[in-house]
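Per-chain numbering from 1; labels A, B, C and D assigned in written order.
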Amino acid sequence: MHARLIHRFLQCLLVAFCLVVTLFATDLRAADDLRAMINALGGGSFQESQKQVEALAKTGDPKIVPALEALSEGDLYQRKADGTVFIVKPAGSNFKLTDALTGDAAGEEAKAALEKVKVNNGLRRVIRAALGGLTLMSPDAGVRLQAASTILRTPSADALEGLDAALAAETDGTVKAVLEKALAASVLVSDRPVDEKKAAIATVVQTGGRDSLSLLSGALLSADESLRPDIEVGIKKIEDQLALWAAGQNIWYGLSLGSVLLLAAIGLAITFGVMGIINMAHGEMVMLGAYTTFVVQQIIRDSYPALFDWSLAIALPLAFLVTGAVGLVMERGIIRFLYGRPLETLLATWGVSLILQQAVRSIFGPTNQEVGNPSWMSGAFDLGGLTITWNRMWIIVFSLAVFGFLLFLLKKTPMGLQMRAVTQNRRMASSMGIRTPWVDALTFALGSGIAGIAGVALSQIDNVSPNLGQGYIIDSFMVVVFGGVGNLWGTLVGAFTLGILNKVLEPYAGAVLGKILVLVLIILFIQKRPRGLFALKGRAVEA
Amino acid sequence: MNTLASNAKPTSILYLDGVSVSFDGFKALNSLSFVIEPGELRAIIGPNGAGKTTMMDIITGKTRPDAGEVFFKGTIDLTQKDEAEIAQLGIGRKFQKPTVFESHTVWDNLELALNRNRGVFSTLFYRLTADDKARIEEILSTVRLANRRDDFAANLSHGQKQWLEIGMLLAQEPELLLVDEPVAGMTDAETAETAILLKEIARTRSVVVVEHDMGFIRDLGVKVTCLAEGSVLAEGSIDFVSADQRVIENYLGR
Amino acid sequence: MITSFILKALDRNIVIVVALLLAIAALVPALNLLTSPDHPLHVPTYIVSLFGKYFTYALLALALDLVWGFCGILSLGHAAFFALGGYAMGMYLMRQIGARGSYGNPLLPDFMVFLNWKELPWFWYGFDMFWFAALMAVLVPGLLAFVFGWFAFRSRVNGVYLSIITQAMTFALLLAFFRNDMGFGGNNGLTDFKDIMGYSIQSNGTRSALFAASAIALALSLIIASGIVRSKYGKILVGVRDAESRTRFLGYRVEHMKLFAFTVSAMMAGVAGALYVPQVGIINPGEFDPANSIEVVIWTAVGGRGTLIGPIVGAILVNGGKSIFTAAFPEFWLFALGGLFVLVTLFLPKGIVGTARHFIERRKEYRKAKADEAARAFAAEPQAAE
Amino acid sequence: MSINARATGALLAAILSTTAFHGAFAADDTIKVGILHSLSGTMAISETTLKDAMLMLIEEQNKKGGLLGKKLEAVVVDPASDWPLFAEKARELVSVNKVSAVFGCWTSVSRKSVLPVFEELNSVLFYPVQYEGEESQRNVFYTGAAPNQQAIPAVDYLAENEGVERWVLAGTDYVYPRTTNKILEAYLISKGVKPEDIMINYTPFGHSDWQTIVSDIKKFGSAGKKTAVVSTINGDANVPFYKELGNQGVKAEDIPVVAFSVGEEELAGLDTTPLVGHLAAWNYFQSVDNPANAEFIKTWKAFTKNDKRVTNDPMEAHYIGFNMWLKAVEKAGTTDTDAVLDAMIGVSVPNLSGGYSTMMPNHHITKPVLIGEIQADGQFETVWETPGLVVGDEWSDFLPDSKDLIADWRKPLECGNFNVATGKCGGKGS
């Protein structure tokens, strides 16, 4: 996404460049100055480089944009031999050089022959501002928008002329709106007359949001008396808005945590809730799912990088199959001998979990493995005052989807019917010709498979390490028991209740105390309802 | 809503009036009412789901009724007490499926059932006294298990387990005995024996027997109450009840 | 009445094991202290402290078996009681350091000093006296168990639900003790112990004494536990395990029965913890980890639940195995351990001791049957002769 | 069932003999080196690498002909992230396997749990991880960073080069972050930072849901002053933390995060593109460009047969510690503990960041401090470096109770916590 933008951007720069060349063909001295200035970027301290960049920005010459872009990306190198600065792209063991100004290819060099022009955060900030100013006039609306919002985020008095000019020339509505905000922001930090600032403050307050708040509170520190009241009122206003949204934000976090709990617990709701197996290896199933994702992504990275955004979609079925298979083996090999002895399943599955953990450790090593977020799962968007991160949102959607799928499977398909029949009355079911052992195996495989799917999702937000499962096993059991064993809806409600509870408590009690409180509440709740939230009543459960 | 004249209440040993309870919407008992007189042996019949076992759950405090009165000896409100208290008051219950302590010997089963102080510490330091011994011996012979006293209850036959459980009830020395399908899965010989046993027991205390086996009920030859859909359908001698039209279509008919 | 209680307790097997334990308690320290290191019979200090530790584990397992094996309460939080006992002892040992800490503060333990605590939290008072600490090591776990059990059993929380909330309990305690604000040293817990009742905690003498103490504590607890399960109360416990409702309808207050066993068991666990800490020289929240509680369950299962000697065997076997494997093949020992658990549950559902006992009884019956047969044959003889 | 009684006895005997057997083959033609790092459990994720690093160093040394004409033999045990087990294993290494020195431990608690063992059995431990300080023990050499070798320079850098005025001190709730943050708080306030410009936040181990905290940080950062986060979050919880930062769009240019427990190893676990510019303070980065380091990385990749394996600061600490030990043993001509302890002080060996590190009398070493910015390739780029070497300060000058304490293990003082005010040596060392 970012890369594409830069690409588009370079294109239009080329256009701009040709224009420039034709127009100012005579003015070569300027070009030489630019080159000198760019070369001067190399070597010096960060402070010096910053000054250079600011100087470059002052020239207002779009020719320097690629160089600055490259610098902030860390692709700008200086040739040790003659001190010329190039934009480089790695080409095998060597670097491919590109002229920093003209963009012409300039041959290759060994890595050793070049020295990187170092950047740090401070420098990047300066560059960002400079680029903002330089690209305001770009023919591409998208680029202009980018530039405007950049300035909005890092307003500076220097940007003012540029903004005024741009605003005058701007035709695109959306860009115009942003430009106005940016102008207001810059005015605020400039030395423009008071009344102009008053207007600016109004606009900023209008804009609202965290950035405006920090802008205002920043301005407050250095504002003259006449403005203070306006600013303070503005800050107050924005803070009230934000406070309102904060509550919503907590709920959202709660939902998101709840969805994670749901994902972690839902497989257990089958193996433990429905089948009554205290499956201590459940966490490891989740872990295996995550590792499947990792392997898939490895293969994609190495062979089919284009498919990366699909990696999760591909991993899902695989994870389901892998963990399902492991579950099947577990059930056939161990658990089927333990039906009717639930507490013993605890021991056996605990043993299995140790083995699985160590196995993964020996195969993949003990360290975290990198599982990347596909582009559609990274970043965030603003919904009013809420910041909603894509991965969290997709995980909520996904968890509900899985839940729906499972519900459908159990309630609407013959397979589900058989499963329920067997778990309710084994002997009766078998006498009615249901192949109970087979159904048992499939049910357990299903539960494990679902856990695997959960692993795919959790790999997006958590460590992918052999210990992954351990972090979820206890919470999962809490959720299932709290919701009521043997009841999928209970698991759903339980997960979200605990999630929201936890997140509502956290701001007041802090993360640790919050969790402790939730645990205590669970204990007390079980006293009130010894069979969980959605307990079956009547004689059936006594038997 | 046949509410009894509450004049029966003071003299009765067990008094149910308008007892209703429902599980998740299903009405297991629908304003059930009947009275057991002291020393009476009463048989209760009814199709599956008629609420027989639920009725017992209510009397023994396992389930709380949604509505209605349950009184023991006219004065004691059973709905306010839990199983242990009710048992200590002198109401014994035998389950449908024989439940004895399988990993204990027959003797131990009876020893645990003996009506002695049931506190933690008194049991912790309990020592078997001579008359406790005598009492257990007596019961052993009553329930015809004298020769199996040292066997684990797990190794008894089904019928013997039924008897052991009855024996345990006797050891409990209850005034009212609730017996749920005592002859289920018994041979005819055992069934006959059990009928005799129950009559013996009924000499000294009131007994309520829930049974399907009509033959057995005839052997008992006592007043019969027929339940259906959680309330009393008919009450009277076995012949009277089995003549009742509704009973026939509801129960015997099938 | 106490005497009868104890007499009941001492059946043959118990007597043998108790005698064995007492013999070890006397012999091992002697061999460690009196023989020279190169003497063939010398027991190195390493072994002494190792088995001292095992015995405390064994005691913990025994405590769990009392509630799980005989009353069917699967507690997944027993390590919590163990840890609480440990902390009580740890606090005493901390106070014993006195002014010898790094900062030479006579009152405050080091970890409080460098986190700028100004005065000692109230709950640290009294722990400078051994008797008080010892008392707390028993009372605190006992009280927690009593309160927890009181609610749980009264509202008839059963089976797996109970197991899970016991787990919730220990997990909550884990998080709580991790918090430095709690005043128990946070993640680092309590360490740097110097001496106990005036004896240096590192001297072989003290180690041997602690070893003996652990063995004796185990022996005593074994007698108590055996007394409990062999009393009428013990039979009721088993009754509760096998047919809870029947016990109720016989008029027993099941919740009281459970509560007593649970509390006693928690106290035993507390004692185990108190003996454990001075031998390993550290107590930290890690001991509350739910995984530890599960491990205790596993020791008990491996040894054989519902037998009193099983948990002792199990604890020593599993931990012994752990000690050896972690050194012999550090990379793969988890496979061995995990495999062990699976195999035991599959092939020795009664656990080692349980299976052995089962086997022996079968053989007895077989012999008896043989004998009867012979007798009958003998009786039949004369008639055949006529 | 008396069988069981016998079984118990047999078992005792069995284990006694096996462990005794362990002791039996203490072959004298080799010098044994103990490696005490968790290979299973929660800490395996960090510690296993150090085990491999040690094995590599020992193998390399044996290629060079071993030590004192003998081959070195590594004894590896797995304390399984279980602190009491650390103590047991330490005792086993020293008293049963008769190792001459032990390299191990990661967490402070594991070190605390083995301290008494090394003290009692008088052996040597090399501890390679950055820690909270407030300790100096006769038998331990601390080759990791003390707070003044990591935290304080980092804060200085941010204050000077990034103009940070507002500070979030976020950490996992255990002793290292608590102490470090106490020190930093005192330091910042001494630098004139207002208390309301400092926000301190603690989270439990393995905390994985950072939504609330990250948004709190954003809120705290929107007060118009330049804000930075100083993270003492424990290794494993960092991945979800950084993922949340990245997704909530907290850019390094706006709110930089400087971490003390995030190294190449942790970064290997995530996609660092959204994190470019966030900082870490260490005494070594894999990206450090000098021959010694290049060589080290080459051997490491060859040894692990995996060319994606990264190196990190604790590995360098072991590298330094191990070479110091070799040198000291050669100097002393024996592996006898007391001789080595004397010989160690003043030993100076090359470190991997291009200089020399020296063992100081307080059993801490001199190191350069590097500030690095995270790069897209998961490496760090050094953006600042202390002009000279920094001496590890075991007793921080910014904690009221420890500023009077010093440690000096040379004769005649031989004290780990000498109080210059009272002129007394507190307790007996540790």
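Please note the rule applied: a residue touches a chain if its C-beta (ideal position, glycine included) is under 8 Å from a C-beta of that chain, and two chains touch if they have at least 3 such contacts.
In UniProt terms the chains read A = Urea ABC transporter permease subunit UrtB; B = Urea ABC transporter ATP-binding protein UrtD; C = Urea ABC transporter permease subunit UrtC; D = Urea ABC transporter substrate-binding protein.
Keep in mind it's a predicted model, so treat the numbers as computed, not measured.
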| item | value |
| --- | --- |
| Longest centre-to-centre distance from chain D, chain (CA-based) | B |
| Winner on C-beta contact pairs when A-C is weighed against C-D | C-D |
| Centroid distance [mean C-alpha coordinates] between chain C and chain A, Å | 47 |
| CA centroid of chain C to CA centroid of chain D, Å | 35 |
| Distance from the mean Cα position of chain C to that of chain B, given in whole angstrom | 43 |
| Distance between the centres, which are taken as Cα means, of chain D and chain B, whole angstrom | 72 |
| Residues of chain A engaged with two or more neighbouring chains | 357-358, 470, 512, 515 |
| Multi-chain contact residues (two or more partners), chain C | 175, 178-179, 245, 331, 334 |
| Multi-partner residues of chain B (each touching 2 or more other chains) | none |
| Of chain A, residues touching chain C in the complex | 276, 278, 280, 334, 337-338, 341-348, 350-355, 357-359, 362, 470, 474, 477-478, 481, 485, 512-513, 515-516, 519-520, 522-524, 526-528, 530-532, 542 |
| Residue ranges of chain C in contact with chain B within the complex | 1-2, 4-5, 228, 231-233, 235-236, 238-239, 242-243, 245-254, 256-257, 260 |
| Residues of chain D touching chain A in the complex | 39-42, 44-45, 48-49, 161-162, 173, 202-204, 206-209, 211-213, 215-216, 218-219, 221-225, 236, 239-240, 243-244, 246-249, 252-254, 256, 265-266, 268-271, 274, 277, 373, 375-376, 381, 383 |
| Chain B - residues contacting chain C, complex | 60, 62, 82-84, 87-88, 92-93, 95, 99-104, 108, 111-113, 115, 118-120, 123-127, 168, 172 |
| Interfacial residue positions of chain D with respect to chain C in the complex | 1-5, 7-9, 11-12, 14-16, 18-20, 22-23, 39-40, 76-80, 82-85, 87-89, 91-92, 95-96, 107-109, 112-113, 115-117, 119-120, 134-135, 173-175, 178-179, 182, 202, 204-205, 399-402, 405, 416-417, 419, 422, 424, 426-428, 430 |
